[in-house]
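Each chain gets a letter, A, B, C, D, E and F, in the order it is written, and its residues are counted from 1.
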Amino acid sequence: MSRIDGRTPEQLRPVTIERGWSKHAEGSVLVSFGDTKVLCTASVTEGVPRWRKGSGEGWVTAEYAMLPRATNTRGDRESVKGRIGGRTHEISRLIGRSLRSVVDYKALGENTVVLDCDVLQADGGTRTAAITGAYVALADAVAWAQSKKLIKPGLQPLTGTVSAVSVGIVDGVPLLDLCYEEDVRADTDMNVVCTGDGRFVEVQGTAEAEPFARDELNTLLDLAAAGCRDLAALQQAALNQSLNQ
Amino acid sequence: MSRIDGRTPEQLRPVTIERGWSKHAEGSVLVSFGDTKVLCTASVTEGVPRWRKGSGEGWVTAEYAMLPRATNTRGDRESVKGRIGGRTHEISRLIGRSLRSVVDYKALGENTVVLDCDVLQADGGTRTAAITGAYVALADAVAWAQSKKLIKPGLQPLTGTVSAVSVGIVDGVPLLDLCYEEDVRADTDMNVVCTGDGRFVEVQGTAEAEPFARDELNTLLDLAAAGCRDLAALQQAALNQSLNQ
Amino acid sequence: MSRIDGRTPEQLRPVTIERGWSKHAEGSVLVSFGDTKVLCTASVTEGVPRWRKGSGEGWVTAEYAMLPRATNTRGDRESVKGRIGGRTHEISRLIGRSLRSVVDYKALGENTVVLDCDVLQADGGTRTAAITGAYVALADAVAWAQSKKLIKPGLQPLTGTVSAVSVGIVDGVPLLDLCYEEDVRADTDMNVVCTGDGRFVEVQGTAEAEPFARDELNTLLDLAAAGCRDLAALQQAALNQSLNQ
Amino acid sequence: MSRIDGRTPEQLRPVTIERGWSKHAEGSVLVSFGDTKVLCTASVTEGVPRWRKGSGEGWVTAEYAMLPRATNTRGDRESVKGRIGGRTHEISRLIGRSLRSVVDYKALGENTVVLDCDVLQADGGTRTAAITGAYVALADAVAWAQSKKLIKPGLQPLTGTVSAVSVGIVDGVPLLDLCYEEDVRADTDMNVVCTGDGRFVEVQGTAEAEPFARDELNTLLDLAAAGCRDLAALQQAALNQSLNQ
Amino acid sequence: MSRIDGRTPEQLRPVTIERGWSKHAEGSVLVSFGDTKVLCTASVTEGVPRWRKGSGEGWVTAEYAMLPRATNTRGDRESVKGRIGGRTHEISRLIGRSLRSVVDYKALGENTVVLDCDVLQADGGTRTAAITGAYVALADAVAWAQSKKLIKPGLQPLTGTVSAVSVGIVDGVPLLDLCYEEDVRADTDMNVVCTGDGRFVEVQGTAEAEPFARDELNTLLDLAAAGCRDLAALQQAALNQSLNQ
Amino acid sequence: MSRIDGRTPEQLRPVTIERGWSKHAEGSVLVSFGDTKVLCTASVTEGVPRWRKGSGEGWVTAEYAMLPRATNTRGDRESVKGRIGGRTHEISRLIGRSLRSVVDYKALGENTVVLDCDVLQADGGTRTAAITGAYVALADAVAWAQSKKLIKPGLQPLTGTVSAVSVGIVDGVPLLDLCYEEDVRADTDMNVVCTGDGRFVEVQGTAEAEPFARDELNTLLDLAAAGCRDLAALQQAALNQSLNQ
């Protein structure tokens, strides 16, 4: 039984990672997971937020947002509404925590990296695409900071790599990397963030309809771990190319 | 090796579930997990939000908040700041999803239940105490609605029970139901929501320091499932008592 | 003719003042005037707001709020609405002014005390219960600050005690300490704050229906002064007990 | 001993009440109490707020604000700050309650009058000048509504008149109608709102420094009642003039 | 063919410029263009915004607002709505830019002037009246600052004068200084800000209905330049009078 | 003397207009003026805002925003700040007015088109690129609405075409289509919006440093009119291509 778009259950959508998309940002990636397209920029500034000053340690944070017509029907702008919604808050926090899991603050020194993940087009899996792309933008930003001597020679602020993917059970079948149409029909929806060495950074599973049993959970975790492994390879391949910024 | 408060790793803190705490609310519970105290009220109103009108289905939602001095140092009020923080948003959404997982909207009919979970005193695990207490408040509110014939005779809007607990790895040891002091020292922190029949509604694991391996995840899930089982029994015991409101 | 709850016109509702309610706050009181229950916490921090720095003087301020289901029908959270309502503002300011009337800022030194008064259950007279309870929390917080040497030995930052009560004319009869049901039927409603030595700190009388004559005003003031005297005695009795925090 | 501006203790500042100030508003008054100048406009609209629809009764409400440079040093605009301050809220509510005390909602019918009181220049007593001026603007607006047949012939929506004045104790001397310089030095500050027949609508007394004794309160009430009587006469004189709008 | 109010097409409405309107502000002008009345105050403070500190240069900024009943139907207060509308933002920025065009920041030194332009009554052309009046208030404020030695002797912070007027095409006829009734019927509406020496500071033309041709634009610019010349003369005449503040 | 990027004074930057960029929006264009890239989407919904219901007429509106790192240094998100800045408001309004100038509301019928213009990368001229791109997105959205019979057969809601360009005087030389580096050095900066038949919709000229003379204004208008003519041809060429959405 094949999926809507012809994939096998354990297959990722076509993934592209386009580095150096922006002329201004220290790191920038246009990442796509199928029709989901997220622009991830990494902005480096010297100095850290007030509560961290004098610690000798850096900071990494993230903000996620959607363009109003990234989705099938237009959503009101949060800037116009004057407040950020719960979903936006939640995803921004998830991205920030995920990236911070591979950062050595001491090696980063008192520098701040802000990762902006703006969804230009949404088709499911925007948060996992954002994390996967933001890691690459972060890596480019760190390299930039090293080249500018903002980071002490010999120090490596990144302790590993991080990628993320969604998994879910649709019509009883566990599937990797759900597109929107699959996502809305999923009984269980899980977002998993892994490091390149196969350990877990975040596991967020939600029973959208029926609660799920332990063996379903196990199957989903297997699927996600394999998907993250594939994404880590794609990240590495993208980073291996030379960047003409 | 015993814990700060003398518990074994797989032991819950003393849990109390005091029903009928408020004279106004249709359901109300003061729940405590050790020194964590959360007032959960369930407010029933006839009718549903606009987007659901005419569907014949009900709605359940939740709001979580902390009193400013529920914590060790005073936090600014979100009403004074004029915006709700990301953490508050995230937990409110978690509580709402958790409770909705055991609600049959059709049986509820076009009625709305709002669960307010206000933390009066915090010592770790506020969101899991809130979910556990809110379920009992919801059960009382549903019973009230049935007694008032807001729900059609013979229909049961609750399809099961739901409880939640935190687990984490502290100094390499997996622990159940972390108090605040344990929570801040945890490498990995996970909140798990289960139904009374032992299935999972939410699994939210976060690597606070080191990413975690699959076997650690498995151990934590075992611990949490057992803890939720114990909490389900405590909920049932509380609901078996007669309510003199 | 007796009142709804059997009291005589000049009788207070049962008043309880439970000190040391919170393990975190420097002073904390759960005060009840009948079914009105207010949690009052006093938070001490070293230092003062910017406009007062270097003055050698301290500061005392208050914030009042209601839990959404403290009342008979649920009210929207002010944090969710993104703004504080006029009533909340007004009462917070009243509590702050009332408490400051018995504070010697010089003796307090450059320390700040924030009094949070959160209404857990409302049945009329929430602001007067809040003032009465907040005074006791403030007294405990000041004692704590003295024990921690935040206040210079020999200095006494409190110049007196303060309590408050509502009075009103219901069906032509002047009544002390109105419960909600009386409050909504009152022609005139007055809140009076007195010091322990019988002087006035605040007199706020409002004609809800008919304007009131001078002699009615005089009767209400007599009633309120006596009520405050009784409350001052109850505060003293509570403070005379030892506090096992 | 004479006052800063040469007045006797029981003397009002020069009061002017200029009707028909605005070409747009249904009632408009530029009122001055000495150097305090408040523009009061009354806007009549057919219909009432949603919660009052179908009741057959009208509504009267008020909004108070200060121009940023009405005061000696410029204050930030509340529109720019994005929130209304506690003082503004409190005074708007006071003005609204005061005016409503002389309105017969049934006679007004389902019409709404909004009273906008904008302080163009402040020198103490802005809220009492606002109430005194707003009453005259309201009277003109009601007359306009009667002339337009928005109010049923023969019905009189105003049941009386209302005016307001401040009183205070400065250097031990009770004074009427404090200017700013007196106000900041006052031990006790009281705002009193009276109807034209000498009854009280609002009594708001605050001990700015020392708590006040009952006999001081009595003296202040006498002073205020006489001041309101004088203001009622000035309102009547203004209303007796023909209005060339 | 004469206009609604009998003017010729190239005629200004009666203009009055009343200096020294406020006792508090360093410069204050009540300006009227026909029935449009704007109170312009200039507030001088020593120091500049943070981003300009240490530059040795001053700053001039402006805020524009309308009283709620300045217009024919009442508008909601922006402070109550909690946000400033686009039109208010736009006009505030226009006024600020216009005034800054004649300011020598170095000569002003590290002082800030805030121009508050509050529309008391609106009948078209509020922004142009505001600019014209604000210039005079600014001139008075600068003179005040010079008299207080806030500005170095011999330095002149004003490099010229500035005034503004609206022009538009109504029923095919180009008209100067539109009143509200003309404004709403205009096909094209243009606001022009000129310096006293006849050069342009701002040209803002908008096709309200039909796009306009180049020759129409030329005619409107001629008309506006002449109008600004007349206004510059009126400003000078006002400033030539002695100011009894 | 050539420009920074080698252009002649009257030359546009390379312009690309990529239609059908988004799979969701009814019209979508990624427009670039050199390194300035703006994503313009047109969202069609049946129905109109409340104030227009029953009129038989449609509505067109626009919202402009910048991604936080579209610029050289990162700007804070307006959604996070909780309010839209004056510049954003101003440009959104300008885009809306410009597009509405070529819309026949009656032919559009009671449909609404929202144009979202999000700047992905900024290098000067973002508002003019936005208008130029938004027109093409609007044309595609109107064609879509016609194909879906939302618009009555035979009716043409677009009465013309609209494009926009910036002009300015840099070092005394009038230049077309300023890039950022030129823009910051310009004495005078003007944005001009023209219809395809060469008439003016908006003329917004601002003296950034020195006021400008009438002949400079004339030169700039000539330059802008020619630039808009070129852009109109590019729009037409883009629309002549077939759209494979």
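As a working rule, contacts are C-beta pairs under 8 Å (C-beta built on N, C-alpha and C of every residue); 3 or more make two chains touch, one makes a residue touch a chain.
Just so we're clear, the structure is a prediction, and the values are computed from it rather than from any experiment.
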Shortest walk length in steps over touching chains, chain B through to chain F: 2
Chain F reached from chain A - shortest hop count over touching chains: 1
Repeated interface matching B-C, over half of the contact pairs identical, chosen among A-F, A-B or C-D: A-F
Distance-maximising chain from chain B - centres being C-alpha averages: E
Superposing rotation of chain C relative to chain F, computed on C-alpha atoms, to nearest 5°: 180
Between chain B and chain D, centroid-to-centroid distance (C-alpha), Å: 50
Chain B-chain E separation of Cα centroids, rounded to whole Å: 59
Separation of mean Cα positions, chain F and chain E [Å, integer]: 29
Contacts with 2+ other chains: residues of chain B: 82-84
Chain order, ring traversed from chain C with chain D following: C, D, E, F, A, B
Residue numbers on chain C that touch chain B, as the complex places them: 22-25, 28, 35, 39, 41, 43, 45, 63, 65, 67-74, 77-84, 88, 114, 116, 118, 120-123
Footprint of chain B on chain A - complex, ascending: 83-87, 89-90, 92-93, 97, 101, 160, 190, 194-195, 197, 199-207, 210-214, 217, 221, 225
